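Heads up, the next two complexes both have chain A, just with different partners, chain B and then chain C.
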Partner chain A sequence: MLAIQLAITGLQTGALYALTAVGFSLIFGSTRIFHFAHGATFVVAAYLFYAVFNAGWGVAPGILAAAIGAVVFGLALDRLVYVPIQRHEGSFFTVFVASFGVGIAVQNIIGMVFGRGFVTVNTSLSRSVEMFDNIYVSPLAWIAILCAVVFLGGLQFVLLKTHVGMSLRALSDNPELVRTFGLDPRRIEAMAFAIGSLLVVPAAIITSATTGLNPSVGHHVMLISLAATIVGGIGSIPGTVLAGVLLGLAESMALLVVDSQWTEAVTFAILFAFIIIRPSGLLGRTIAH
Partner chain B sequence: MSITLRNTFAAVGALVCLAQPLAAADHTIGALFPLSGPNAVYGDVFMSGADLAVDHINADGILSGPLSIAYEDSQGLPQPAVVGMTKLVNVTKVPYTLSAFTGVSKAISTLAMRNKVVAVNGGGVGPDLATLGEYFWNVIPLANLEVRAIVPYMVNERKLTKVALIYIDDPLGQAMEAEFETELPKVGAELVEAYSVPTTAQQFSGVAAQVRSSGADVVYVASYGNQQIQIVKQLRDNGVDAQLASYSGYAVPDAFALPESEGMLITGQGVDLEAQDPVTKRFVTDYRAKYDRDPTAYNINYYNATLLYGVLAAAIEKDGNDVTGEALLNKRKEMGSFDLVGGTVTFQDNGTLLFPIQVKEIKNGAAEALTSVNFE
Partner chain C sequence: MEAYIFNLVNLIAIYAILAVTLNFIMGYAGIYSLAHAVFFGIGAYTGSWVAQNVSPSIFVTLPAAMAASAVVSLLLALPALRVRGEYFVAASLGLQVLAVTIFSEWKGFTGGIGGVLAIPAVRIMGVEVYQPSQFSILSVAMLILVLLAINALVHSSFGRNLRAIRDSESAAASFGKNVPMIKTISVVISAALAAVAGVLYASYLSFINVETFTLDNSVLIMAMVIIGGTGTIAGPVVGAAVLLLLPSLISYFAFLPQTEIGALQQIIYGLGMTLLMIFRPGGIVGRRAGK
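Right, the complex of A and B next:
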């Protein structure tokens, strides 16, 4: 029974990991920008939802504020940080440092505004109910899984069946070709940031009600996103989703054999194993040296 | 006007008299409190007690100069605490500093000992804080006493014999686990499971599933700061309906305000706020007036720790000596007992004060005393 319970818990965690990781993977895959501030986008969305909800405005305005805030933040970062760096032909490392700096700055600003302690959105949806014989599932767990299916299914549809998706894939494959066809790579890059940032919103909102928030929660989100992107295969959206779910499951199921203090180590052991044994990840293409 | 010898002496005398207040020594003590980070919730609580003692000491004029506290941010973590302690010792040159948190206290204790600076803990409760040397004092009963008080109560009064422990993976948590392993068998109870959690963990739904499977009657949470609040919330969110229990670290306003805390058993030092001795009466009256709420044990401890400096330093100055860490230690040993909030108290040989421990239940967002245990 414990194994089943942990599997369900892991599935919920994995769904949230998939949602957060896939945004990072989409941005990195299509723009080659190492968007370390993706964790900061998560924090901005989560705290905006918390602020609006706690002000008594309700769930829908909270979701709207979080979505708008995440998209605006992602687009602003692209326009104000990454584009200028690219214009000056900044290196991959320059982008990484700038992105890391943005993450730290956001963490501190959130800390100044909301305090550095944990905050939680109080809702009865986080309270589990017994489904059958000592197996408890909260409504938010179902919502997390449903969100993952809807958002990630929607993303796959957009990528495969729409003009936007084809543009994103084209940018990922060959930016020069994009220009040849008269498309503006900057606009496609902006779309990647908008969609990628939007994808963290459900995970950010659900986290605010389940495990709570503090300003540094973005670091964990970023590490998981990075691990899922690598384990899933850089550039592979289905691979990232699969890896996110697997990492969530592994982290939870590991409790059957190790103390909870070692679960993060399990995640990164899997990451190291993939880097050494299968560097291309689960569904990724072989990385050219 | 001619300058006579008498006038010269008079002028010099007047200058000496005028200069007297300038010659009076300002007193500065240090404090290593978590002012930022996940444990910052404690910083304000600790400061409110210490600051009130400073107000009282300065108002009474018992020292040759005004007393102030140099606060350094420990974040509740050993490394920033060592940086802060180094500054307090080498730059601010304090003879006496307030400390909090078990890990922090252990980290700074060697600096305190090496530099002969008294460090006084009023918040950390790890049992091994009693073994950090003669320059490290505790004005708070340590957690071993809290465990020894609650275990018989849980077993004898509530018939809770299967205990699951969730403990933070640091010196406090490890010491608490050792204490439970020793104490439970003495009263015919057992530790059915012990789960250690990292200091940074936020996700406890998996631990909650394990706790449910353990069949425990009572779940004891030995963590602190916001983490302990998250543990309690997520235990309840994930279907754990066993009795919950914790120690004095849970006695913070954020924890009491959590609906899931209702019915929890916690322990803490027992202080009668209605006691009529002048020190307690003045503290309680002024605390309520200044902060518009009742004081907690932490407020009392840091008030006592600061007041203790005032009493010792005043006695040293009365003897005509400099106030150094060594002089403070010698004076404490010489005086023996002190009138602090809670009554007249005496230090044990290991530098720790004994207080009765109360077992309390959280009802309507406040702790209600159930029983009190005295230790000799």
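Right, the complex of A and C next:
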């Protein structure tokens, strides 16, 4: 029974992990920008939703505010930080340090504005309902899984069937070729940031109503996104989704064997093992050394 | 005021040792580790355990801490031999997160979240060194020793091998260099010397806990190297000094709300990292752009 309960919780966590990780994976896969401030986008979206909802304006305006905030934040970072760094051909580490700096600043600004403690959005949906014998599931768990299916399905459609998706994939395959075909790589890059940032919004909102928020939650989001991206295989969106779900499940099911303090260690032990044994990840192409 | 300045000197010297040893693998072997605080921690925990249970003599604590750190660093050498770039950063990050969990759960050795209290002052030939002014002689001397050691290594044939690997691993291998061995040795040396900083830190503060050995601190050390100038001798020392002086500079601005000083420091430090990377990616000392 406990195993089933943990599996359902794990699936919910995994759905949220998949949603947050895919944004990072999409941006990294297509632009090669190590967007470590992706966790900050999550926090910005989550707190905007919290602020609007708590002001009594309701759910829909909250979602709208979070979505606009996330996209604007992602685009601004690209424009103000990554584009200038790329202009002088900064290495991947230059980008990483700059991005990490943004993450630290955002975390502390949010902390000054909203306080450093946990805040939660209270809705009737967060309460768990007994599904059958001793198995409790909250409606939000179903919403999380549904969101993951809808948004990730939508992303897959965009990537495979639309012009935007094709240019994103072209950018990841060969940035030079994109330029020779008269496409502007900067615009495609901006597109990747807009879509990638938008994808964290459902996860951010659901998290604000389930486990709650504090300013440093972005840190955890970022680490999970990186782990899922690598375990799934860099450049593979389905791989990232699969890895996100599996990491969520592994974290939850690990509770059968170890204490809860070890859940994060379990995730990163898996990441470490993958890098040593199979660095190309679950579904990734073999890596160029 | 004097104690305050000597205190800063000690912290800068300790962090400069960390930055210099990280720069050794980052700047010369191209191994960008986000797990340096782990070896800082292993040095500190081992040093304080030995000081409490065996002897606080620096001739006992230092070798023990360095040996422990060197052994654990083999775990970091594992991914360093297999992958590079973002993969290695992720692997070192995994090691860092694992280590923090172990640091906070292995209560018998690390005191868990509470940390280790009442660590004896370091003893050098029977003399206890604990006052900030006395200790600063020790910490600066240690920094100079580490600098000399690293400098000698970098300019030896071993250092040339390292640079060859950084610039082209395959070329180095084709010239018959034992790339895995050279990489492993450099990781081990870097970790063992980082443990020196750990021993100094623990005996100086006489209290340590896991907070000091987290990812945030690993990033801080990496930022010191990058902001100071990767691959330069003076860069990491300058980087350590700048980042550690920043908070005290900020607290001089009296008009800032006192309760938010910590957060403001972090904001300035974060944005400072970002702006430097945009406008001066080679670091303060370095001249090379980017790369």
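Operating definition for what follows: the second predicted complex is superposed on the first by the 289 of 289 C-alpha atoms of A that agree within 3 Å, B and C clash if a C-alpha of one lies under 4 Å from a C-alpha of the other, contacts with A are read in each partner's own complex, and residues count from 1 in each chain.
Operating definition for what follows: contacts are C-beta pairs under 8 Å (C-beta built on N, C-alpha and C of every residue); 3 or more make two chains touch, one makes a residue touch a chain.
Small disclaimer: the values here were computed from a predicted structure and weren't measured.
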item: First (chain B), second (chain C), both or neither touched by A:N214; value: first
item: Most chain A residues touched (candidates chain B, chain C); value: C
item: Which of chain B and chain C A:L2 touches, first, second, both or neither; value: first
item: Partner chain(s) touched by A:Q261 [first = chain B, second = chain C, both, neither]; value: both
item: Which superposed partner A:F118 touches (first chain B, second chain C, both, neither); value: first
item: Chain B versus chain C as contact partner of A:L183, first or second or both or neither; value: neither
item: Touched partner set for A:P279, first chain B, second chain C, both or neither; value: second
item: Chain B versus chain C as contact partner of A:E130, first or second or both or neither; value: first
item: First (chain B), second (chain C), both or neither touched by A:M166; value: neither
item: Chain B and chain C contact sites that coincide on chain A, given as residue numbers; value: 111, 261, 264
item: Footprint of chain A on chain B - complex, ascending; value: 36-38, 40-41, 169, 195-198, 201-207, 209-210, 212-213, 225-227, 229-230, 233-234, 236-239, 254, 259
item: In the complex, chain A residues that touch chain B; value: 1-2, 5-6, 9-10, 12-13, 111, 115-118, 120, 122, 126-130, 134, 136, 138, 210-212, 214, 217, 220, 251-252, 255, 259-261, 263-264
item: Chain C partner contacts - residues on chain A that touch it in the complex; value: 34, 81, 84-85, 88-109, 111-112, 219, 223, 226-227, 230, 234, 261-262, 264-265, 267-269, 271-272, 275-276, 279, 287, 289
item: Interface residues, chain C side, partner chain A - complex; value: 32, 78-79, 82-91, 93-95, 97-98, 101-102, 104-105, 169, 215, 219, 222-223, 226, 260, 263-264, 266-267, 269-274, 277-278, 281, 289-291
